[in-house]
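We just call them A, B, C and D in the order they show up, numbering each chain from 1.
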């Protein structure tokens, strides 16, 4: 048990190291220098460029730059090239902005897809199942940005509530009720959008898992014992069907960064995804690399958690 | 008491297995150290004579299938010799082994998994003929001949396995094994997945082919009825060891090892008159990961005594061809 | 046939499986009876419909594609096929219990065996938790599992194959059913363990005087355990009788063929008799007697007329007009 | 022998190839058939589109700017009086309206269809090839171990290559040359050193260090650590804008699933009896891989790749939407939508036409893929 945890941690640290190397190489081997981004900018005089290069060790060999960069990252001293602010503070602020979106989206995904998927599986082939299937295909296939505009048009033209940004600009000191409603409206559409793809994919997966389990011998045994159908479905089948979702539960963590770029930029939501997008536009390498690093850490922590959960949930795995 | 030894009289032996061992490591812990060994095959000796059938009998997990794989050199043995027609083949180079491979073939248990579902049965058989110097025409003729030999009409050579029944697939498997004209065929439970009526067809086929082509069989099985019908000699295996080795007649008439006795008396006979209480052993086969010290059978043996628990037991020769690994017999 | 002495009476049962444009007639008019306290065997090769028949008794046929097309299953005089689902649940496990072939996959891997045995009891009876535990321990002890108290907390994967099958039997015994249906319970086990399980079933049956419907393809097992035997081929029962009649005086070519095809030491040196051909696909069964293409006794009428049951002696019936006498 | 003749048998089931059987099952899924039809329609449109919209004087000119005709809704007739004869749309009508520069949306959609198609196919082609290669190696040769010297040499070669690329010429070339010398040395060393006893350090170098399987699977883990869309965005933003870069980047960031799948499949196939039988017959490694194992593993890979195509099309549209896609003036569905987003209330067709087009095409790939998957699923097949 402990040796499993130990091995897993060591393995993940090694993976993380390689991720840091690879991402560093990708960024630095790509053509184009950050100092050349904006030659028209009057700030970028040759002296400025030189000072800039010195300050960020760009004149040093690559591996030295690598060491400098990760030293700065771990001591928290790393700063953005664009505005010389601390990257970690920046990320933390943006993270707090992204968090409500993420939480609402995740809750929506996980609370909706399970009932839908399970019902589809139990009434397999019925009208409910077929329409759920079709709707989920539709939701998987629809481009997120297109769907976003449909929703914007719908909400703005029918309900006349503004939805862009985190809050309505200039709402100022109105009653707390109005502010709250305003916040909720702003939060709702982006998180629904963030959740749709997840709901569609997850409910399909729940359905197929459930179907798979319903065909197992032990479900037949349970029926042969004379258990009522509810107990057969929700105790014997569901418990087994849920096992693989433990793995998925660990994988929602990285969703914090990955999926939100497009939605956050459409809704001008000042979150992590949008910050990453802006950093890419500005070739702000420290921010890009740090976001990447944080994302990798989240992935690894997520998989670690799901490994552990699996140990707890599945009695067949004992170390 | 000799430790082991087969009779050395017969020099004309297709395959002699001597002291064959295969251990699989069990890794555990932080550094994945080898924490133990599964002694799948723990020093066995066998003699397969030309044109004869040696049966290897035992319950699941006793290591019989590992023996088959090691003999075919699909797994490398850890120790021991495989003497094929007088030459040790364990340390042969890849090139020489490739040639020798064709001398030993295998027929599998599962008629569904043993044929490539994406190849027609004709293609499956031609795989074996590819290495030979044959023209396309000759190859096709040989393929058809092989199919007819096992009782499948040559017209169906362009059919896929899923179009055939289990028994027919098993025939194709036999034809594939025959395609390289081997002298030894390892039959790994070839009839245990088949229904009784089909089983008889395949057994007859194997017997006919043996008579016609002079094949030797290593017949691996847990079904003592089939073994009793088909084999010339029997080796009873338990937890990686051979427990008893004898001519079929002798083994069935006068089984000496308690395990053999238990096996024989556990087989239900299809005659309601003999409906006695089946004599059953208590317990299950222990895990090969940590087998008991001393006699491997001691945990389930009805006649166990102190000596069995302590000392490793060698073979005792009862008669020319009858070896038993038990104190009771050796003590005579 | 409608003997009031019968515990279970299956009459002209038909179960078809529908697939695209084909209909597989898996069970095609099966009738047999089980009297209280006797062991009845259903023998046949794979695909002959024996498992489907057994599952139909408990109405466990997956539907679709399976469909019960006709017949009656009288249990203590009540037709199980007429019961609604809730009444059927009261029969399952309580009056008729079932033991399946693969003990590993038939036990739920995520519940302890204590849970799984106890569950069957709580669903049919009101029991205190302490009482329940005691009963589970006693059941495990009855089926010969050592140190049952500790085993209650084990998961199925921690037991050996033989022990798992014992647990399955304990589960079946939980509510003292009148009938146990055992569907090839020893096929997946080694011979020595098979002998243990067979002895266990026999001893339980004698002790509790319950009826057993034992399904198998192994004629050796049949000879060992059966009071009466039903031989099935291609969805119909071709011969029925007591064990002695079937084994010593078989009256159907298929039964004769099966017995002659058995290998054994006594047959050494002689060719085994083999039945040519293979079991027909249940969707494309030949007309007339389903066995006629493989039968060496077949005459012209066999190809067109489905044979009736012919009586050969006390309770010995066979579906062959040719081998009548 | 007479008896064998007696039992001469021919197959039971009616003759039907796997493909026919598959089609038989596939045909029952009406949605999947719909997907296939739409796909064929899309394929024809894209091919015709690329023919009609390219060249010096295309039949449909997607780049023709008519500022006086901007933001016309679909099915509007052009104002013939204000237009030059050459500027009049080929069909005599703006079938799908015009955009903010007065360009014919229909022509632009035709042009964009080809981009979506090629991006989808090429990107997935790359990822499937890489995935099958890596997965096949991991699954078949995975238990083999790389030796210490091989690892050191490959590190030396890679560092040399990187240094050379970075301009540190002398060290780079030196490392490369040293690496190659060692490779030649180790090839010939067997013959040269055959009779001598080797020094201890040399033997140590020849010890197995790490299994090939471990290396490949760790590489997969590393790739999975990157948030895919973010990674693609970064790389595409850093590279010069071009359609080919996008295809390659999408392809190279999405092979991990295939690798895992093929590896798992190969690991289980390797244990199958028919592979064992092929080995026993003395069939060579490559024939076993390509003739015996690959055909059994490839079908599910191809199925999931149809769904991969859908994902790739979506990704490309997303990139175009964010302004990192195929560079203008070339039209893609993503950048038509992106251009139109400023006019979503005035000219909603600029959003809806490309949006719905993408939706339908992606949907057809998804339906088609799922239909194939169901048809291939042996469990469903048994149930009929």
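Convention: contacts are C-beta pairs under 8 Å (C-beta built on N, C-alpha and C of every residue); 3 or more make two chains touch, one makes a residue touch a chain.
Keep in mind the model is a prediction, meaning the values are calculated, not measured.
Asker: From chain A, what is the lowest number of touch steps before chain C is reached?
Answerer: The fewest touching-chain steps linking chain A to chain C number 1.
Asker: Report the most central chain, judged by the distance from each chain's C-alpha mean to the global C-alpha mean.
Answerer: D
Asker: Counting C-beta pairs in contact, does A-B beat B-C or the other way around?
Answerer: Result: the pair with more contacts is B-C.
Asker: Relative to chain D, which chain's C-alpha centre is the most remote?
Answerer: C
Asker: Round to the nearest whole Å and give the separation of the Cα centres of chain C and chain D.
Answerer: The answer is 52 Å.
Asker: Roughly how far is chain A from chain B, centre to centre by C-alpha average, rounded to an integer in Å?
Answerer: Roughly 55 Å, centre to centre.
Asker: How big is the gap, in whole Å, between where the Cα atoms of chain B centre and where those of chain C centre?
Answerer: Chain centres of chain B and chain C, defined by C-alpha means, are spaced 32 Å apart.
Asker: Need the CA-centroid distance for the pair chain A / chain D, whole Å please.
Answerer: Roughly 24 Å, centre to centre.
Asker: Where in chain D do residues touch two or more other chains at once?
Answerer: If we look for residues of chain D contacting two or more partner chains, we find 3, 7, 9, 12-13.
Asker: Going by the contact rule already set, what residues in chain B reach two or more other chains?
Answerer: In chain B, 165, 168, 201, 204 touch at least two other chains.
Asker: Given the complex with chain A, which residues does chain C contribute to the contact?
Answerer: By the definition above, chain C touches chain A via 58, 60, 85-86, 89-94, 97-98, 100, 102, 105-111, 119-120, 123-124, 155, 157, 168, 171.
Asker: Applying the document's contact rule, which stretches of chain B touch chain C when the two form their complex?
Answerer: It is residues 59-60, 165-168, 195-201, 203-204, 207, 222, 224-226, 228-230, 248, 252, 262-263, 265-272, 274-275, 277-282, 284-285 of chain B that touch chain C.
Asker: Quick check on the complex: what are the chain A residues that touch chain D?
Answerer: Against chain D, chain A makes touches at 11, 14-16, 18-19, 22-23, 25-27, 29-32, 61-62, 134, 137-138, 140-146, 149-150, 152-153, 157, 215, 254, 257-259, 261-262, 265, 273, 276-277, 280-281, 283, 288, 291-292, 295-296, 299-300.
Asker: Can you check the complex and tell me which residues of chain B touch chain A?
Answerer: Chain B residues touching chain A: 28-30, 32.
Asker: Please name which positions on chain D make contact with chain A in the complex.
Answerer: Chain D residues touching chain A: 31, 162, 165-166, 168, 218, 221-222, 224-231, 233-235, 237-240, 310, 314, 317-318, 321-322, 334, 337, 341, 344-345, 348, 351, 354-356, 358-359, 362-363, 366-367, 370, 379.
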